[in-house]
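Provided herewith is a single structure, encoded as structure tokens, for subsequent inquiry.
By written order: A, B, C and D. Residues from 1 in each chain.
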Amino acid sequence: MTAAPLIIFAVLAAVAVASGLAMMLSQNAVYSALFLVINFTVVAVLFLILGAPFIAMLQITVYAGAIMVLFIFVIMLLGGERLPAPQQRLRWQQPLAVVLVLALLALAGYVFAQGAAPAAVLAEPQDYGSPAALGLLLFTKYLFPFEFTSLLLLVAMIGVVVLTAVEERRRRLPRASRRT
Amino acid sequence: MEILNFLSSTLLLVVFFPLLGAVVLLFINREQKDLIRWLAVVFSLATFALSLVMLAQFDARVPGEQLTVVVPWIQVGSSWNINFHLGLDGMSILLVLLTTLLTPIAIFSSWTAIQERVKEYMIFFLMLETGMLGVFLSLDLFLFYIFWEFTLVPMYFLIGIWGGSNRIYAALKFFLYTMAGSILMLVAILWLGIYQGTFSVPELAARGGIDPGMQRWLFLAFAAAFAIKVPMWPLHSWLPDAHVEAPTAGSVILAGVLLKLGTYGFLRFNLALFPDASLYFAPLMATLAVIGIVYGAIVSYPQRDVKKLVAYSSVSHLGFVMLGLFALNTQGIQGAVLQMVNHGLSTGALFLLVGMIYERRHTRDLGEFGGLWTGMPVYGTLMLIVVLSSMGLPGLNGFVGEFTILLGAFGSEALASPVYTIVAAFGVILAAIYLLWMFQKMFLGQITNPKNENLPDLNWREVLVLVPLLVLIFWIGLYPQPFFNLIQSSVGDLANSFSAAGIAAR
Amino acid sequence: MFELAPLVLAFPIAGVLLNLLFGRYLNERWISIIGVAAVGGAFGVAVLQALALAGSGYHAHLALLANWIEVGQLQAPWQLRVDTLSVTMMLLVTGVGMLIHIYASGYMHGDARFARFFIYLNLFITAMLVLVGGDNYLMLFVGWEGVGLCSFLLIGFWYDAGEPSASARVGGEPQAGAGNARAGRKAFVVNRIGDFGLLLAMFMIFWRVGSLQFDAVADYFSVQGAAAGGLATVITLLLLVGVCGKSAQIPLFVWLPDAMAGPTPVSALIHAATMVTAGIYLVARSAVMFELAPVSQMVVALVGATTAFMAGTIALAQYDIKRVLAYSTISQLGFMVAAVGLGGYVAGMFHLLTHAFFKALLFLSAGSVIHGVEHGAHATHAHVDVQDMRVMGGLRSKMPVTFWVYLIGALALAGVFPLAGFWSKDEILADAWHVGMVEGHWHGVLVYVLLALAALSTALYMTRQIILVFFGAPRSEAAAHAHESAPLMTAPLVVLALLSVLGGLLNLPGWHALGTWLEHTHEFFQTGAFNALVAGISTLVALAGIGLGYRVYFLAPRTTADAADALQPALGPMFGFLRGKWFVDELYDAVIVRPFERGARSLAFALDWNFWHDGFHNSVLAAGFRMLAAFLSGPVDKTVIDRLFDALAGAVRVVGSRNLQRLQTGYVRNYALGVVLGVVAVMGYFVSRSI
Amino acid sequence: MIPVNYYLALSAVLFGIGALGVLVRRNALVIFMSIELMLNAANVAFVAFSRQFGELDGQIMVLFVLTVAAAEVAVGLAMIVAIFRTRASINVDELNLLRG
């Protein structure tokens, strides 16, 4: 095993973890969002390395692109980039949370230490991870769940419309009927 | 293409067109009540038109199922073969037509009576129609069970939301009684499906060969569900509550179609699938039926609430149907099938008429009326015709059914005694007593209550609602042969299997 | 001309439909013209059928109209049967019917429901023609119930009038003005009891013979002969139940007197001339079976004779002019039933025809009397019961035409030579004499005696009626101001009077026109031999009755309306018994009606509702469920589980409920922490297991 | 090549960071971002496993996760907007109606 891939991986992983931590710790929501974009991009590169070019592209376009733009848009809309003066109500929550997450990681580490997973990955088939192969699978074996996701998206869309449009409709109703 | 053929099959359309209407109604603004009403009527009428197409495609000479739709549905391992299986034959066709006819009439009759939550009301009604049609047309036990339970939900809400003062009690009672019976049926269905390897009704009927001892248990399990639904004496105590509390259209459908789900179930499942047990239990079932005939008629007589009176009369009338079914011969069973339709028409019309006076006077107490014929001649005359039809006057529909049933029961080999018929014929006398009593209390005599003096006679909409029923009342009474022809070959086959020769061949 | 047979039904049906659809736009004149023309047309067709029969060797002709019910081997078509028996009945129904229609157009003048009356009448004619014209028992049954329906509708025609009499108060609380409606209902229900027997008879015929066609039934029984005697006995006894209902015989006669609540033309047409004779027609039609069942014949004869006697005595003590005639009708129907029971089918049919003439005449004349008195009552604003004979008297001079036709009818009914009633009644008595004296059957003698006594009372009550109504001085203002009815009403009376005089010609001894005519339907329809001795006795009996009446009522005339009846001193308490109509209504009321009502009430309210619906459902099912729930929540839950949890709660309390409550902070992040805690715990568990 | 273990470890760490974010931050938007990070961590594990077994099913799962994430973000942000309108705050600690 040459060292080059490992170095590349180590660098990418370090950037991912660092950007994740920064996202979490940043007090400004806009910074958080930008750190998250970095994180997503790095993970996309990792996907590329893992032989999942299609997923990597999706990661960039959907996650780092669409979703994060949405986030930033909402942050700007609400002016929520900074919260008012920190007023800690749950003082014991933070240390407890850190302890718990560390415990979780410790457990995971323990599982890794047990060495259940194989050391290396297999050689890839010719069209592994190509959009064509993925599409074929999607439209045969996973046809029903795939169709179902469309329904999910539809429901989400309607939900969003309903949630945000409620105020508007009430405002338009005549005064008399609002009382009932 | 296959899916297109499937989607355009007549029976599928007939069954699910009302449901489509319900879905469409979901998207209509609830304030547009008239649009909702019109859409509901249009969808139910379109279903009726589709059922006429179905009638045109039906070949009465073929005894077995027709226009079949079969699609594999749920298959688990080798023992679970559940198909989406719809099929039409002589046993179901009249009831399907009755359902598609009565639903638009019921919806039309709720035009002014229902002012609150019109949208939900119509949606429930259309759902109910799909459920009922599904019960009549499904030839897979599992599918049948699903539709059977499906009918409960809309009816529960129709009674529970738009009913009278004690509606919650009545709706709950209706629901629980039916539910309690169906659970036993579900067990029997699962037994059949697992141990016989198929849920297909025609296949089970053709295969036969269930151990007679087991047949009896299965018969009883199915009978539990159906006898409550019919309702057979002594399981009738949910019926007066449900009828009295239900809105008019709900009563029409309840009496007109829902009760027939029970008698139809006896015909389709108990008689066809468990012939040995049917022969074994015939005297018992006929006894209960006969008790029901006389009991229902006697109990109808002193009632003061018109709806309750008609409700109890249903117990009596459906006793005739059950007697005919368990006569297990051609006349009995054919008469029973026709009588199911007759009862739907007559009692449906009776409930409609009672609803019309209720809309005017907001009471159904017999003591409140009297002399109505003077002020409402059209109403009185129509009521008289329907009352006469209900008590089996020759020339009107009720007689043809009752006569063939009693004739069949008299000479039945399975019952082997004319006593059943003799007692049942007392029901004919009693029917005249309670129905004419009701007619007299409502329409004859002088107007003593000033509230009855200036009641408007029926309007065009109300007459229009009744006309199709009256036409059929006369048609079946004077020339029932087309109706018999539709059921003849299917029912004839079934009946022959119970004759001496049929038993020997089995 | 047989092709025209369906028209016999088409005419009255057309009448019904025309008046039903257009009646509201037409005036009385056109309504009555339609009504009369419909019956007249049918009469014409019936005449043509009779001629056709005569012209084709009297063979029965079948006219298929349509298929009706075909289920399995049951084949019951709409098919008319034209033979001498049915044509005789058709002629009677349409002929007398037409006269009564004409009369009714005068009698019902000014009634608010004029059109409806003619619709009902035409409907009745239709049903009656189906009854007599049908070719199978099922069609006969259709007509049978159909005439019952029309009877119900017409008795209750004035449905908002009439107070239920004390003895007839049936059916719970009294309802204002529903007396007539109640009478109609009574008629229908009692008839249904008769129909019950007929229905069962049909079932038995079908399952033994395999068909309901008259021909097939007749063939079956002629082939089987005495072997089918038992079957024939059962069937004929069931048929007798039907006969008792429709022809008002013991024990089902109680509806007919009440049926007089209907307008008088209805009483004449339905409750005297046609419908009530359907029972005799049924027996004649089923003669093959009766001939095989001597027991049934005996029962039929005795029922008829007893009815004739009983009703004859009741008629002696009634004051209502129509009620006397009603009981007289029952009595005469008893004669006919006795006749067919004795095998004298021709005699029965003969009396049926002549009775139709003179009883229709009497009813219509009574209607004319009522009409006249009513006018008098209107003119003088007197409040009297216009049908009560005690308020009449002296009408002979006021209503001469009516008086004379009434007299003719009464004499014919009493059986005075040479009027129609003499010949037909004598034939019946001769048959009874023959069966009793010549053939030596005891029941023949009994029948003869009962019938002779009935004949005596017939002559007596008719004399009484004539004297009470027409002779003496008027006993009320209304009677004093009565006047003769319009020609539209009197003309049919004259025609009927003529028929009452000449009706005997139909079957004069030695000529036997009716006998030879009916013979073509069944060969044993034969006229009995004329018996001069019997005829002599009959004449003596009639004259004795008239003489007695003359002595009791004419020589000691009633002077005031409320005086006691002249017969009362002679009969003593017996008179009250007769006046109370043998208290049969009261008996039925006490034995059947009231127990039924009480039973129905307790069944419905006590058993079904309180016990089964409320009690069983609510107390056993619902309460049982609740009890189970209570048991689980009570003893089980409260003791076992509660204790457990009490202990737990105690433990928790020790830890501090405040602390626990504080777990529910309401902060989402807190709950998320809980989730992570859970995840760590679960993972820890798995990891610990794998160690 | 890099052993699958490494990817899984990275996935676990990222997941932990996301979880910590959800637990300690009060800004609803940041909480949502943390959730996205957790989902992303799961995706890494999926793709890694997919690679290990040479099957594409893992990638398909990622696709579905993406869809769910998109739907969730859309609805979640809509809720935040709606809540902000009534409460003028996106501090989740002020949303404590569930308090016992």
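In this text, a residue touches a chain if its C-beta (ideal position, glycine included) is under 8 Å from a C-beta of that chain, and two chains touch if they have at least 3 such contacts.
Source: prediction; values computed, not measured.
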item: Chain labels contacting chain B and also chain D; value: C
item: Rounded Å distance, chain A centre to chain D centre (Cα mean); value: 5
item: Geometric centre distance via CA averages, chain B-chain A, whole Å; value: 58
item: Chain C-chain D separation of Cα centroids, rounded to whole Å; value: 89
item: Distance between the centres, which are taken as Cα means, of chain C and chain A, whole angstrom; value: 91
item: Chain C residues counted as touching two or more neighbouring chains; value: 665, 667, 669, 673, 676
item: Two or more partner chains touched - positions in chain B; value: none
item: Of all residues in chain A, the ones touching two or more other chains; value: 89-90, 93, 97, 100-101, 104, 108
item: Listing of all chain pairs that touch each other, if any do; value: A-C, A-D, B-C, C-D
item: Chain D residues touching chain A - in the complex, by the definition given at the top; value: 1-10, 12-14, 16-21, 23-30, 32-34, 36-37, 40, 43-44, 47-48, 50-52, 54, 56-57, 59-60, 62-64, 66-75, 77-82, 84-85, 90-91, 93
item: Of all residues in chain A, those that touch chain C in their complex; value: 89-90, 93, 96-97, 100-101, 103-104, 107-108, 110-111, 114
item: Touch list for chain C against partner chain D, complex; value: 661, 663-669, 671-673, 676
item: Touching residues on chain D, where the partner in the complex is chain C; value: 19, 22-24, 26, 31, 92-93, 95-100
item: Contacting residues of chain C [partner chain A, same complex]; value: 665, 667, 669-670, 673, 676-677, 679-680, 683-684, 687, 690
